[in-house]
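Report on the structure given below.
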Amino acid sequence: MTTLIKNGRVITATDDYIGDVFIDGEKIVGVGKTLPQTADRTIDASNKLVIPGAIDPHVHMELPFGGTVSSDDFKTGTIAAAFGGTTSIIDFAIQYKGKTFKETLDDWDSRAGPKCAIDYSYHLAVTEYEPRHKKEFAEVVERGITTFKIFLAYPGVFMIDDTTMFRVMQSAGEAGGMTLVHAENGIAIQQMIDNLVAEGKMEPKYHAQSRPPTMQADGVARALRVGEVANAPVFIVHVSCESAMNEIVRSRDEGNASFGETCTQYLFLNETYYDKPNFEGAKYVFTPPLVPKENIEPLWKGLKLGYLQEVSTDHCPFNFKGQKELGRGDFRKIPNGGPGVEDRLSLVYDGAMKRGFSLNKWVDLCSTASAKMFGMFPKKGTIAPGSDADIVIFDHNKERTISAKTHHMNCDYSLFEGMQIKGLPETVLSRGKVIIEDGQYKGTPGEGKFIRRGECAQL
Amino acid sequence: MTTLIKNGRVITATDDYIGDVFIDGEKIVGVGKTLPQTADRTIDASNKLVIPGAIDPHVHMELPFGGTVSSDDFKTGTIAAAFGGTTSIIDFAIQYKGKTFKETLDDWDSRAGPKCAIDYSYHLAVTEYEPRHKKEFAEVVERGITTFKIFLAYPGVFMIDDTTMFRVMQSAGEAGGMTLVHAENGIAIQQMIDNLVAEGKMEPKYHAQSRPPTMQADGVARALRVGEVANAPVFIVHVSCESAMNEIVRSRDEGNASFGETCTQYLFLNETYYDKPNFEGAKYVFTPPLVPKENIEPLWKGLKLGYLQEVSTDHCPFNFKGQKELGRGDFRKIPNGGPGVEDRLSLVYDGAMKRGFSLNKWVDLCSTASAKMFGMFPKKGTIAPGSDADIVIFDHNKERTISAKTHHMNCDYSLFEGMQIKGLPETVLSRGKVIIEDGQYKGTPGEGKFIRRGECAQL
Amino acid sequence: MTTLIKNGRVITATDDYIGDVFIDGEKIVGVGKTLPQTADRTIDASNKLVIPGAIDPHVHMELPFGGTVSSDDFKTGTIAAAFGGTTSIIDFAIQYKGKTFKETLDDWDSRAGPKCAIDYSYHLAVTEYEPRHKKEFAEVVERGITTFKIFLAYPGVFMIDDTTMFRVMQSAGEAGGMTLVHAENGIAIQQMIDNLVAEGKMEPKYHAQSRPPTMQADGVARALRVGEVANAPVFIVHVSCESAMNEIVRSRDEGNASFGETCTQYLFLNETYYDKPNFEGAKYVFTPPLVPKENIEPLWKGLKLGYLQEVSTDHCPFNFKGQKELGRGDFRKIPNGGPGVEDRLSLVYDGAMKRGFSLNKWVDLCSTASAKMFGMFPKKGTIAPGSDADIVIFDHNKERTISAKTHHMNCDYSLFEGMQIKGLPETVLSRGKVIIEDGQYKGTPGEGKFIRRGECAQL
Amino acid sequence: MTTLIKNGRVITATDDYIGDVFIDGEKIVGVGKTLPQTADRTIDASNKLVIPGAIDPHVHMELPFGGTVSSDDFKTGTIAAAFGGTTSIIDFAIQYKGKTFKETLDDWDSRAGPKCAIDYSYHLAVTEYEPRHKKEFAEVVERGITTFKIFLAYPGVFMIDDTTMFRVMQSAGEAGGMTLVHAENGIAIQQMIDNLVAEGKMEPKYHAQSRPPTMQADGVARALRVGEVANAPVFIVHVSCESAMNEIVRSRDEGNASFGETCTQYLFLNETYYDKPNFEGAKYVFTPPLVPKENIEPLWKGLKLGYLQEVSTDHCPFNFKGQKELGRGDFRKIPNGGPGVEDRLSLVYDGAMKRGFSLNKWVDLCSTASAKMFGMFPKKGTIAPGSDADIVIFDHNKERTISAKTHHMNCDYSLFEGMQIKGLPETVLSRGKVIIEDGQYKGTPGEGKFIRRGECAQL
């Protein structure tokens, strides 16, 4: 089966030309001004952008959290991702206490494998490190999973202490892996939560108040300095504020392999959303919380100047009805998370264009940088001979309004409800097969394959 | 009893004039160009500097540590201090597990009271915080002790966790007190120690290698950020490196009540001292350890520009024979600490003059700033009407060589052996009484009084 | 003639005690808790602050500028200063093209000498540097004038080029002097002025628009770097914005003798004042102009943390009627300057107390720091034996409203009209003589003496 | 004429794959894993890197300077460039006083056109700006020259003042152009030169001493701030030191279009080279001069982290004999400049690989970034359909020694004499034609074409 995408404006993280892309089976085999080959199928991409499929390196499908489960499973979540132009996700396989790494990954494989509509991988979230785990790091890397995640937040649930942080970073680094960190000072935050609760402050907005930016900056600084002495690369997830970002800049400037991402919600929303009436602020209860709007432009600047490497979603939806409502009267009981995997590529396009970013930078932020950082390049993240034919034909002139009424995520609200943006992923190919076309999903859940990842290529 | 000090060059943190100082009993009652009064005793200070008695806000007398006890008790240590021109010390009363704050302070009172040759106070080192301790903070402040100390280092011994750090800072702040922090990431350091030991690296120099500056910077950053969210003043003790100092500068610049000190050893010595043969490196095993010499001039600059507030000694001597030797073959067993209380005023004079500091700044660093920071001003720290007559007549032209052979500290070695310096505290008065004169101690141990301290006056 | 000031709360840059001050002739000869002496005159200062007379190191009396002359002459200006608690001023003797330094200073002497109500000095503003001037620097320093001023602004009037800047700094430094700099990029500003005029933008607010903070930061950075290579101390006058201040911080941190001041107007007012109707914005046309209000708290912070050394006024008043009005329809013709010498001590008291500064810091900012920076200490700037008896008895509880109706400056408006503040200089002594008492001026113009200044004591 | 480059490892600024490149005439028309086409000529690139032709955006061929002329003319210089894998240069057309921009460019065209072996463009160096020049900016941009250069150094020769700087930046920006700046404080440097000469210090090393890094930082800061108020993009050429680089970082961080480059000599050599005996230090007399070696790693870091955009050579050779010797006894008479155009691609390869840069980053620094910054992308700077077939087949395993004996530049010495490096540009194509092969130049001088450049694409 061969496919020819003709006359599109091909954009990679570097290139920008009008031309043809030829696909043979699952792979791109050639690109040219006007290719001489004929194909089984020809798609006309005139006046459209042809870009590598987007990669969302931070999602949580069907995650048990706070007494409930995130509302998108691997099927609904990956179909929604595909509608949004995302052809690869990296979920987090979370080690439960007492489990080996292998048991953890087998568990995740058993759930993701049969359902994924697009290719997938996991970061392994380590919540416990006993001597017996040390040798497992190499096995995990051997299995194609080269990133480990730790939490400095959520004491009593996922949080690990500095001993475990040091050991995970060191063991991961020695095995050729990188450690991702949810970096907040969970202990100090717990004290602030206790103080607020003692004062009877239970509304959603106190979730944000209990987690000020300075506690994120603290976590980031600590993680990066421990990474420095452990001589291991560290990647900070979901950076939401300028002060935390600046710690990454400082550490990298001092010569360390220090990296980070932000998420779409932090690029568009701000802490005033917690003031919405009727408990609607709960929709925006995720961690880290939204912060003052003064942080938004610095984050965009950080993306432009390379202070942060990519944009993910931290997609972890909970329905307002029945799930978010669990926390009425007690913000501590609101399940933490929000929907987003479907909206990212278009949102970043819209925001990046308004700020004068190049199209190349947009592709880099949504696809190429993640492919390189997380060891999937050049299989994923570019349009070049030999790469997987994960391709999005993007109608950059299409205007539309984001709404829960029309999105495909299994969540009864949208974080970006009513936002008018430009840009729609019109046709989406996953390894050569068209899975989104004419507003319809044309694939079969379970077709997505596990992506064996290699060593992280520092940019 | 009245005393008149005539014709000296009086130096305070601001002033500089030739004049007379008149003392009635324990107090300075007047200063003038040529005072008309006659006194029971007249001391001629011509061609000498007349300065407020120095204050060493960081000493550990007869401290049990590492299976032994620091070799100066409150008697020998305070007599040595007096010889060095220091007329007030602040020791650390360390809470043992299970003890109330009151029991801790009573214990220290019982040991210091009968022996001190000069005035004294304590910082209360909190190692345990149970709900019952909360109300004790106000009692401690009421008793005249307004500073609390916590350790982020020495896990299993003195180290507290971030929960306790937050609580102590908040409770101290609410009671009108300030929290002092030994700021190193004790957990990560423990990992590095374990790694070194596993590699059979047991010599004294590995003490330094296990505690790199970046782990101090980490501790400082964390302490200051937790102080920020606890809305409480924080003072970092024994800053030894530029990166840690810079975190104080950043935090203060952001509007926080963040302060710090360095110690004499960090202003003159560097990590190459650990390479001394015959286990002599053990003499320099204290915490934080000596660091690369590139840090020395930045620390002096920090003192000049107000990045750091004062210079202390962290005096905590152990004899080389019989004490330091406990760690032959295992650096972990070397008692941490060194002698210094006697040398500070002269060393800082020497170093400050070589770098073009004013005499006023020298007095500030050795006396006035500590009096203000730790709530003893204007009782201590200046020569002004109403202040205690703690006065040093300093012969700034006297050249001499520091040596264990001639010092008065109960320690068989000197950190500064053979160093040639200018400046000798010739005559020392404690509350109006001459206690050092003609190279002799003229006082009676036990004459020193407990100093009730008030709220810390931020400079 | 002897005077005894009894029972006041004496505040210096370091000290704070209740006591007596004894004055013999022009000098303070003693201070004490309760002095035994009797005096020809006794002043009761109970419940008042007794502080060293304030020093305003930046004023322009009867200055020809922009086709008119600043409206306070040395008589009216210094009497107003005295009412405000200021007992010393430093004016700027400005070299006119073709004049020697000596001629310039003789000219200023002839005008200031007969009229000054308080002690005075000048900075020598160099506008031309020919080889013949080189040897004059030492003569100027010998005469007791140790500070030289250059302008990087006002092309065609006072502005010098970088050649002259380098030469003045080098020659001043070699002679033991310091160079003060009006630091703005006058050339780029001229281009912006021309651009605005070409667009017909002639209202007062365009004065501010033509001189953005970044052009001040540029001038400051350039002056400090040229000072660095000329190996000479540099002091930046009238810093109005955070970015310019930060350049001083950076340069000093790099080891240079770099200093700066701000002025009262920048600590209280902001650029929105230019929007006042009826040409009233012209009242605030001075250089540098008022800037966005986001700069105000950073300037106060800079004063607190020692980033800036003191607060002056740049007093250079022009009446609204007849003078400011010269610029109706053309902001370039508005005489640059405003009144302020009378308000400083009280304004800084008010602002400093609201921000938790110590009384000592207030005294330092208004008096001591200037005395030290500009070579007048300990003659001026403190209350200590041997110092000039320039003393202010300050009623810190007195509430009052600033108004042109009640001020003594010869100017028909006040920059701070209607501002309610606390604190009044009640009684003012100049070298032992009461010159302000009961709201009356009791002195005789011409009594003020020229202050021979020595080398600048870097703080 | 078609050419097929088979089986090479194709590296662009993003991609990295084994494949074929098909060229039709002057253009790349397709790339693929295994292209089906046959070609007139097939080149086997197995085990070699296939990269876009390098671009040197900063050279001076046959430049009259200091009473002599740079020793490479457009023929010898561009042939040497081709040997080094460089297929495009940007020279500087320097306006002589009294000349229009058009006359300047016509002059350069007449000299470059007949001789260039590779494609070429110019930056227009403006040395005079009269009102009549204003309208010429648009004409220059229309002609395909979108970059303007100004000198803040060389007073009396090329230096312009701040008025002209502002005007050029504003006019260039309005015309869609960017201003390049040689940023040193030429005035202060002249003073330092005069001081050194007055002391009889005439050896080559005093060239360096007269131009300290802080004067470069000053020029950079000033240029970027004037660019900020002129609202125009600014590019700093030949950044040699960390402090100057940091000013670019600061300015870009503040939101300005601020960019910069460094040159090969600053990445490998340091100021100790001036101490070479027998006047050999003169070989390294160029501007800015070599600086202390502590700057080298920060510059590499700056390239890695995007603080600087690309690496050029500032190629401007003068023979040691007969040219450099003009300055024996007077460093001011040494012609400023050195050879380098031939060595860059290999040197940067070598240095970048040793520091763990990716191959992509190397290609970016030597080619792609310059193509984008200077408006030549995607015509130049990549291997993609539609781009010019400027291609280098690079033998990255070839070890060799740099020497004047073997280089092709018309200069009797090499800056990098004896340096052993890896990597040789084996085969070089210019617009589809092989011009370097088997160590021979196969082209015809004059074949190089003028490159019409468009607007600078900010990265």
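Here are a few things to note about the model shown:
When the chains are written out, they are named A, B, C and D in that same order, and each has its own residue count from 1.
Please note the rule applied: a residue touches a chain if its C-beta (ideal position, glycine included) is under 8 Å from a C-beta of that chain, and two chains touch if they have at least 3 such contacts.
Because the structure is a prediction, the values reported are computed rather than measured.
Common partners of chain B and chain C, by the touch rule above, are absent.
With steps allowed only between chains in touch, the distance from chain A over to chain C comes to 2. Averaging Cα coordinates per chain places chain A and chain B 50 Å apart.
One inter-chain figure worth recording: chain B and chain D are separated by 57 Å, centre to centre, where each centre is the mean of the chain's CA atoms. Centre-to-centre separation of chain A and chain D, using mean CA positions: 39 Å.
Shared interface positions of chain C, defined as residues touching 2 or more other chains, are absent.
The residues of chain A lying in touch with chain D in their complex are 10, 12-19, 22, 27, 29-37, 252-253, 255, 301, 305-306, 356, 358, 364, 368, 377-378, 382, 384-387, 457-459.
Those residues of chain A that touch chain B in the complex are listed here as 161-163, 165-167, 170, 185, 187-188, 190-192, 212, 214-215, 217-218, 221-222, 225-226, 228-230.
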